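Chains: A, B and C, in written order; residue numbering restarts at 1 for each.
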Amino acid sequence: MGEQFASPAVTVVTGATGWLGQALVHRLLADPSRRRLRLLAQSTSEGRRLESLGNVEVVIGDITKPDTAARLLYGIGADVDVIHTVGIIHPKRTRQFLEINVNGTRNVAEAALDHGVRRLVHVSSNSPFGTNAQTSDSFRATEPYHPYLNYGWSKMEGELAVLDAVTHGLDATIVRPPWFYGPFQPPRQTTFFRLVRAGKFPVVGDGEQRRSMVYIDNLVDGLIAAELTPAAKGRCYWVADARAYTVNEIVATVGRALHDEGFTVKEPSARLPALAGRVAELGDRVVQRLGRCQQQLHVLGEMNHTIACDISATCSELGYEPRVELYEGMRSSIRWCVEQGLEL
Amino acid sequence: MNSTAATAQMHAEVLVIGSGAGGATTAAVLAQAGFDVLIVEEGEWIEQGSVVPFSLQQMDFQYRAGGVTVALGLPSIAYTEGRCAGGGTEINSGLYRRPPEDLLQRWATDFCINDLRPEEVMSIANEVEQVISVSLVPGPPSAPSDVLRRGAERLGWQNSEIPRWMKYASGDASSGQRQSMTRTYLPQAASHGARLVTGCRIDQLQMADGKATRATTTLGDGRHGTIDFRHVFVCGGAIQSPALLQRSRIAGYIGRSLAVHPTVKLTARFADELNVPGDVPVHQVKEFAPDLSFGGSASQPGLVALALSDQWRTFSRAITDWRRMSIYYAAITSEGRGRVRAVRGLRDPIVTYALTRRDRALLGSGLSRLALLMLEAGADEVYPSFRGAPVVRNRRDLATMQSTFSAAKASVMTVHLCSTVPMGEDTRRCGANSFGRVHDTTNVWVNDASLLPTAPGVNPQGTVMALAIRNARRFAATERPRG
Amino acid sequence: MPSASRLRRLDTIVGPFADLLLTADLPQLPDARRAEVVEFVQRRANGVPSFTRFGLTVIALLYRGVMAAPGGRLVARFLASKSIPLLGEYPRLIRSLGYAYVWDRWPDTLPTGAAS
């Protein structure tokens, strides 16, 4: 880790209304060194909501249209960083993976290259790398692609589009978060809390498979470190909590966090044989072959596997230090849900 | 050391069957302790340098069945066994790894092995390293070896040069002279009076009340004979040792838990010439050890053709470029198990092996990681050894490769065979006691790779030798030579 | 069930099949070289361990039966080009032995089998 960039004159964020986007925008707004924020919104109503947060410029547009990214960067100088958080994980149709995760990312990378931005940070995923071959394995900083179904394939193609632009001179860094949790979470995560409360979260197999997770604020730390570390050009980094958790540990910890926030929690009872996970995975493959996506099947199919990553290169090269662990992160996540008036 | 021709009737105080890493060390220790030792080897004495290392000619002379031996399964796993004076030590890569200390500890606990003290084994390993001249390459590594180092460095993966039991005449990596059993422990045994007989196969041990008294033999010319003895050490390797015990109707946990390091391969093509026909790379990548290790294989043009043969239709055009190519492997520690079964009326045992789901996944991700390392080291093209494999030129091709891979389509092979007569006091999972005496026998010992309770995850010869010497010393300390 | 005498004569069953495969795969391999390779493959086939030998004989006889039928050589070549479980192990073994020998003995052979 060497010197750090100063905050740029303009920070551009795509996907600002998403889970990660909202958390990032809140952080940037709280930082006085961020002089200008320019955000991409999909609609005028979204735009109005973003403008209510504070001093931001909003551009309305659809990232899948080639001119949107150019409009997003129009009229600002070269001292610009772009943080591209747009992505779709549970669409209705598989073709949206191509439109948003592949073409959308290519549009951003090409516009950033044409514009000559200081740094593009692209948010990828663990999915281009599939699952670990065994429980004790962890993905290293550089791994061969082995995409998990259509989402994984689209995130791989997105990464390749960015890396392709890097060979043409773009300064970009890729950040790969695994499963994240924390405030601003979408409704599907509320379901997760409800299932744990009811003791019905389906633990597949022996539950000793490991999952890397990342608390949303840890992820924002990692994104900003990737943005501001000059030596990170062309590199890819895992951003996750300090260690991977077993599924058993995740369920127990979430149960404890719910209990300590004053909820009643039933003993976990839902255990599924490993075979159920394999059947779900097979079902997911068939459904996706038909061009559709079924969220429950997808989640259950993946739940059977270990997906663990090794963040040591991220720590040594970006100076990243995960500050929050599972229990604490889950508690703040639960409190956020309560504040939002969500039923858990 | 000279071998003598076998005769129809022979006798010895101690009969040692097999002359490899286990047999040669056993014979040396016992001869030195004053026992009258006869070593019987099925193969012939082939002087080092008289055949080209890793060639088909060597396979003819020094491998069992010319190297065409296979553990049946889906997929079947090709394996090789040495069949000559010195056994596997004459033909293997010569890479030396110490027995891993934590593994010894785990074996002692899991298999109830008495008195398996890591510090004792390590001190024996020290002696062994002197005798067989374990040393690093004096000069720079060979180009194929440097590929492993370079690729691993770029990825930030742990790698190191593995020392070999070689004496180097000059500073050149290829000037090594392997310090195999025919150069070290066999002459040492002979200097203390041990006799070596080659071209003699042991068919059976005649047993009475758990005691073996006589071995029946087949000589090179097809005649049969016998050998009388007081004690017998079976050191034929992890396939032949259990097979002989089974043919001799010795019951117990024998031949039921064959362990190997299943291995898949690829060939990488570079811009510059790098092929070294007579040698193997000395670097190994241990980032994912012990589950997964990468290293280099012998890469004669014939072996390159063999490696390309699985997908010959699209790979064959590369063969004219063999000077720019070298073969590499990914080896795993398997959770699967195999069996060795002697069948009445058949000369050779039936060997089977079943990979687990996790083994198959690990072979696929291992081959993929190895291909990534090759690209990082600057390979122009990578040819994975499985049917339907794509030529890998870039990162995207790696995704195609791993999605088309299945272990059943791969040429899976192995060289490290062990664990068919595991040592330990737990008779439900051990064929021999804590010092290698076969359970329920009084004078039949096993002292070779068969005793290793599990596959060690490293080149096993060092572990085999250290344990064999430990056991032989224990024997010499408790049994008096007749004198 | 192959008889004992056939088991002993595995080489003569394997020979014509090896010749067929090598002619198809390496059409320009000179005749004298092909004969040498076939002899090597026969020798190795004869040396395989008992049980493998048994399986090899069964499959080799099957292929020999196919080759003897009208148009059978084409069918045998077609079968050998597919990776059929178990049955496919036989052509795979013959090929791997054959190619290894060709390039071990004459390293500069072209992919067609032609001497460079």
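FYI, contacts are C-beta pairs under 8 Å (C-beta built on N, C-alpha and C of every residue); 3 or more make two chains touch, one makes a residue touch a chain.
These figures come from a predicted structure and were not determined experimentally.
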| item | value |
| --- | --- |
| Central chain (distance from its CA mean to the mean of all protein CA atoms) | B |
| Far-end chain from chain A, centres as C-alpha averages | C |
| CA centroid of chain A to CA centroid of chain B, Å | 47 |
| Euclidean distance of C-alpha centroids - chain A vs chain C, Å | 55 |
| Approximate Å spacing (C-alpha centroids) for the pair chain B, chain C | 29 |
| List of chain B residues in touch with chain A within their complex | 155-157, 287-288, 291, 358, 361-362, 364-366, 368-369, 371-372, 376, 395-396, 398-399, 401-403 |
| Of chain C, residues touching chain B in the complex | 25, 40, 43-44, 47-52, 83, 85, 89, 92-93, 95-97, 99-105, 107-111, 116 |
| Chain B residues touching chain C - in the complex, by the definition given at the top | 55-56, 64-66, 68-70, 72, 74, 76, 300-306, 308-310, 312, 316-317, 319-320, 322, 343, 346-350, 387-388, 408-409, 411 |
| Complex contact set, residues of chain A against chain B | 128, 130, 132-134, 136-137, 140-147, 153, 156, 160, 163, 313 |
